[in-house]
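You will see two complexes here that share chain A, one where it goes with chain B and one where it goes with chain C.
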Partner chain A sequence: MIPLRHLLLAVAAGSVAGMGQAAGYRVYVSDEYNAAISIIDPDRGAQTGTIEISGRPGDVRPRGLAVSPDGKTIFVSVSDFLPRAESPEDAIVAIDVATNQVTATYRAGGNPERVAISPDGRQIWASLEATAQAVALDAATGTQLGIFPTGIETEGIAVSPDGQIVYVTAETSHTVTVIRTSDMTVVTHLLVGNRPRDVIFSRDGQRAYVSAEIGGTISVIDVPSHEVVATVNLGLDARPVGMDLDPEGKFLYVAGGGTSAIYVVDTETDRVAHVIKEKMGRRPWDVVLSPDGRKAFTANGLSDSVSVIDTDCMCVTGQIPAGRGPHSVRVGVVDVAN
Partner chain B sequence: MGTFTRRRLLIAGAAATLPAPLVRRNNGLSAAAAAAGTSPEPLRIGAVLPIGGAAMPPGRINIRAVGEAARMGLVLGEEDAARNGELVGWSTEVTIANAPGVDAAARAARRLIARDRVSVLVGGFSRDEAEAISEIAEEGDAIFLNIAAQSDALRHTCRTGMFHIEASAAMYLDAIFGWFVRAGYRNWYFVHDDSLEGQELYERALVSLKERHWAAEVAGRGVLRQDDSRDFAPVIAEIGKVRPDVVLLLTDWRTQLDFLSRYEVSGNLAQVAGYPDPASQLRDFYFAAKQAAPVFGSGYRAALWEATLDSYGARELNARFDARWGRPMDPPAWAAYQAVKIALEAAIASGSGDAASLAAHIGGPQGLFDVSKGIGMTFRPWDGQMRQSLFLVKINPDATSSLALDAMLERASLAGELPAIYMPGTDPVERLDQLGEIDPSRSCP
Partner chain C sequence: MLRIDPLTGFALALLLPCGADAQSGYAAAPFRDMPVALAQAAALERMKVAAQVMVAMSGSAYAGIDDTEAGQDDDGLRAGVGLFRSSLAAVAPDIGERLDRALEALAETAEQGAPPAGPAQDVVDLARQAERALLTPDRPDAPQVEAALMASLLLDEGGVAESYAEAVQGDPAAYLAGWFALARVNALWRGLAGHATPQQSAEAEAMLAMLGDLFPGESPPPQMAAYPEQAEAPAQQLVGLLETIVDADLYPDRDLVGAVARVRDIAAEGCADLAAGDAGAGREMLMIATALYDRTVAETLAVLAPDLRVAIAQGLQAVRAGGSTAAVRVCPDLLDALAAGREAFES
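On to the complex of A and B.
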């Protein structure tokens, strides 16, 4: 077991604005070049505040986001722009959705890019881009539970719905590393499309989807065997990155940064069912579904905005300004009763 | 020929800790290799570099710095290949031969095939050298990855198993005209030497202007003797008379420096652009150009790669190179690195390190490669040229001689990309084919 690492429970970063709204959820956007998180009220269709991650925008970059199983905590992977080794900025930051306050900062390792939370909420997993590793942390104590070699330029990371398996992508190696959580062991590595970015498990955990930015594909992995069983071709120019599933798991939404489009893949047929382009912001890098699945929100890296998609018409219904360089987007659940 | 240096696998500590065998291949890869779950024969790569020695004479043929940059790229490529290959059960051996000049390069190539049993040859620091190595590769059942020879004529030879990671002269010229003409530089004066290569560059420049940049015109040209007693005065005097918008030096790196130093004090006002042979894409050259001509030597240059590029995963690749060597990744280093990466990915995908399998994958429909330029790159079937974007670099007039990493990075900065990668609504292959010879009717065997 790796010794206890730093866990800074004190509030690490300050200015918070934008409190209290009627909606049952808020949308959080990591603004890579703003060193901040934008808070969006989906009912008002407006940014209602920001959470400052660092006072040094341009030096510190928040990127990957994850949400706790109860939806009440947003985790942000934070690093600097110098992917050579671990720096003081490299951390996982936890934000309480109810208060929009930073509640914890975890030391993670070199250049954490994306973050995932185990289904029981007890483990934080992060991809360490600079050191070609994945790390597991105890969410309560910050203790490092394990650190694992991956391919080069580690990026996407996801925990299976049963909490037994973690998939980690590596951009330069075109690989997914499979980690078994019961004994914290690397099981295997498998090849997927060129420059894999994001990874997501199906609702039942039987499949996983990996977006390959340069390949322009989605690799469909059979999780029990850890084998690629299908490849969805979105086109060389699609540059797919972030993904999300609707609540039923029927449609996989894929952000196509190269074509400024959202590709909607039918998970039963592994075919593209819809391509949403009209009125889409520029270079969508991530996408998230609302809890009821009726809306999707995109993080548009080049237009500093969030596009709102109605999933009935599969069309863009609005644009919401965000900060500079939106990278990832997640939904946090507001406890309306409180 | 110099001595051979055997580089052994450099398996990073973390990779060495991986439990074995950890081999899974996707359904597009070799079933046999996957079933075996063990490493096949190592992929053996031999590189022929003009590193030279202390006796290497100064002058335009001394491209030791280019060879050294390529060597550093190969080493990082080998180290990354060890990590990447280990994940999926492949190993790579890179052998580097120090062999400046055509004859030495040919001997080295033969020896690498015969003694080291390489199936991939990397090199090509002149047209003659590349032709010689490609011929030996073809005879010896190896593929040849050209990382530095830009000749269009070389691409027309269309030899089996020859692929060009270095951009062609036509691609560089199209890129240069694309940038400058759009910026309003319409009236061009060309300077080239009296060699066959100089004449070919000039003629290709005319083709680019005639077929793609109708708004531009030729103001004149000056021809230099290709020896060490060149007299620039008549050419510079004529430039003063015809007063072009821009002078394009279609010469080697050394001639460009000599010309710039004389032009700087001539009183002419036309901007000067230089043809980017590999030696003139080094950061050492950027500083030398600025030193030779603080005004006209600190202009814009076309480049295969830029060490300050921070998009498309380039930030991470540049950072790894910086950390490994303490100096920026010059374009020949990038090309050499990509040669190893492309060869290994072809071997993994095809399940074989033999030349035929590698060539079939690299040149075939499945041959799609991520070279940290933001879009999947393929090789043109008609000439084996890798489709790719090029970069516009601005030399920093305040560049210093410091060899500190940050100071070397600051010798130039990224100014543009051509073709622009982010162009939704256009065909990505057609977009990349905006540069260079477009002749889909032709096909290499």
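On to the complex of A and C.
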């Protein structure tokens, strides 16, 4: 399976056989209070459909999203609203991007919040908020491959580009748990900024970035040593949550949550290069870059919308209505030629 | 007057050049500079809320509802007084004695199954008097102190956000606790609003309005939104705004190294009091150290150094329960464990 990043860069260069130059994408938004996924056509700048996750909005909520390496499957972590124990609603749901149909539902464990996919597409990793654990599942069968103790109130989760390491954040203990996938072992826990939310690896896998909501910072971790080597201060009132990197990995986009801003961090200097506030929707909880890196989309939890950012001007160019309580946003690849 | 612990603050300022204000960028850090005073003020706020809940649950709107939760509040009332009893006795012994008697009367009515409204109202009134005796209203850092109290009322256990999460699951006492805590937040905000810019004020009012929608009246609405965390987002956002408005760090655990150092300093002061034969002051300081420890660093230590967490919890319990003899025996190990906790965060 070709990693999505390589695929997208190749598509941008017009060099993938069979894909032509027409490969497009859709934006998927998990609507926490609608129990649904909004589907957005970025070219039309409009919501074009909804995927129902449950007929019981208010009881069941979709939150974290992840995309398979080929971009063709979106995975959603689904749970109830009482993060105390495992419930029948707790699951990982797979959605086929081509058809927008749910193709699989796997039992996950206690209250999965965010989800990540291994680079080979074979493993699903989920943070289990209720039980202070992370779980690995076989992506094809849903079989549990391992379950691991983490910090308290597990949230962000990411798999390194080489598939060897998984980082899991825990918001109450302010920690990141390191799991080695070769022998499925917890290597260590490390202290990061206050209330860590999301985690993302750099493109080369040498660094990882952890957003600290109350700290107002990004902790930069040296992955080979699992040590925090730098802290990016986003500003006094910053409340960073979801993150994404541009295709080259030069800029880290950080959703500002309660600050209603997007921070753009230059990963070479570890400094804030841009702060986008004007016309932003309220409480952006997550952000994702388009495959070509020319647009960014945010999931705005309080304004029930997606803000569209032009990454040339670093400005908001549009708002697209979504469902109630957008939590996460990801991009799925559509093979338009087929 | 109140134990604002200038010595501790000065020592911390020397020991922590990268402390909370340096780390967060805010001009003030009330939870760093006056942890004892704020722990006592927060305990008084919780006491008032718990007593108000008991008064309200005696009323007709709650007739027939099992008041088990209100009884639990009575236990909480008596536990909380330990955080300020000695300090209050030093500055206003009459209020302290009357408050103890009111709490005793409240316990007796609870035991007898009688309506607790009368003694509970006495507790509310005396807690207000205690607050005035312990906290000087015209102190220069009053806005930061009041903002810190608002943060505690919004985010701590028993506060607005946590109470809402419990209320959604059908706990009427929790709903009332949230309602009264929010009323106090609104009252404190009216005193602070003048420090805000028009935009900050509008944003804060919007967050308060969102919280008000969740607590529309003294009785729970017939149907509550089933999202336990729904109050947390506006509460957190409001605290963030308050930080900007008063230019103060309002999260006591933002700087964990500083937090564990504060716990150690307060525990050391308590140990010294106990060793000197002042059991009341010693226990008070150790209760405050325990409360601060539980609130700020215990959960992180549980992950990074679980053995230390157990050792510290056991040490605090043993010193509090055992008096001066235990202090002499246990305190050195306890203080060493707290110092090791700080090292665990720094490594």
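The working rule: the second predicted complex is superposed on the first by the 314 of 338 C-alpha atoms of A that agree within 3 Å, B and C clash if a C-alpha of one lies under 4 Å from a C-alpha of the other, contacts with A are read in each partner's own complex, and residues count from 1 in each chain.
By definition in this document, a contact is a pair of C-beta atoms (placed from the backbone, for glycine too) under 8 Å apart; a residue touches a chain by one contact, two chains touch by 3 or more.
Note that the structure is a prediction, hence the values are computed from the model and not measured.
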item: Combined model on chain A: chain C and chain B, fit or clash; value: clash
item: Which superposed partner A:229 touches (first chain B, second chain C, both, neither); value: first
item: First, second, both or neither for A:171, with chain B first and chain C second; value: first
item: Contacts of A:151 with chain B and chain C, given as first, second, both or neither; value: both
item: Of chain B and chain C, the chain that contacts the larger number of chain A residues; value: B
item: Chain B versus chain C as contact partner of A:129, first or second or both or neither; value: first
item: First, second, both or neither for A:219, with chain B first and chain C second; value: first
item: A:58 touches, of chain B and chain C: first, second, both or neither?; value: second
item: Which of chain B and chain C A:186 touches, first, second, both or neither; value: first
item: First, second, both or neither for A:198, with chain B first and chain C second; value: neither
item: From 224-232, 260-268 or 386-394, the chain B stretch with C-alpha clashes against chain C; value: 386-394
item: Overlap of the chain B and chain C footprints on chain A, listed as residue numbers; value: 81-83, 151-152, 172-175, 177, 189-191, 194, 214-216, 236-237, 239, 258-259, 283, 302
item: Residue ranges of chain B in contact with chain A within the complex; value: 12, 14-15, 17-19, 22-29, 80, 83-84, 87-88, 310, 313, 315-317, 319-320, 322-323, 345, 348, 368-370, 374-376, 421-422, 424-429
item: Chain A partner contacts - residues on chain C that touch it in the complex; value: 24-26, 169, 225-229, 233, 236-237, 240-241, 243-244, 251, 253-254, 256, 299-300, 302-304, 345
item: Chain A residues touching chain B - in the complex, by the definition given at the top; value: 81-85, 129-130, 132-133, 149, 151-153, 171-175, 177, 185-192, 194-195, 214-216, 219, 226-229, 231, 236-237, 239, 258-261, 277, 283, 302
item: Residues on chain A engaged by chain C in the complex (per definition of touch); value: 33, 58-59, 81-83, 150-152, 170, 172-175, 177, 189-191, 194, 214-216, 233, 236-237, 239, 258-259, 283, 301-302
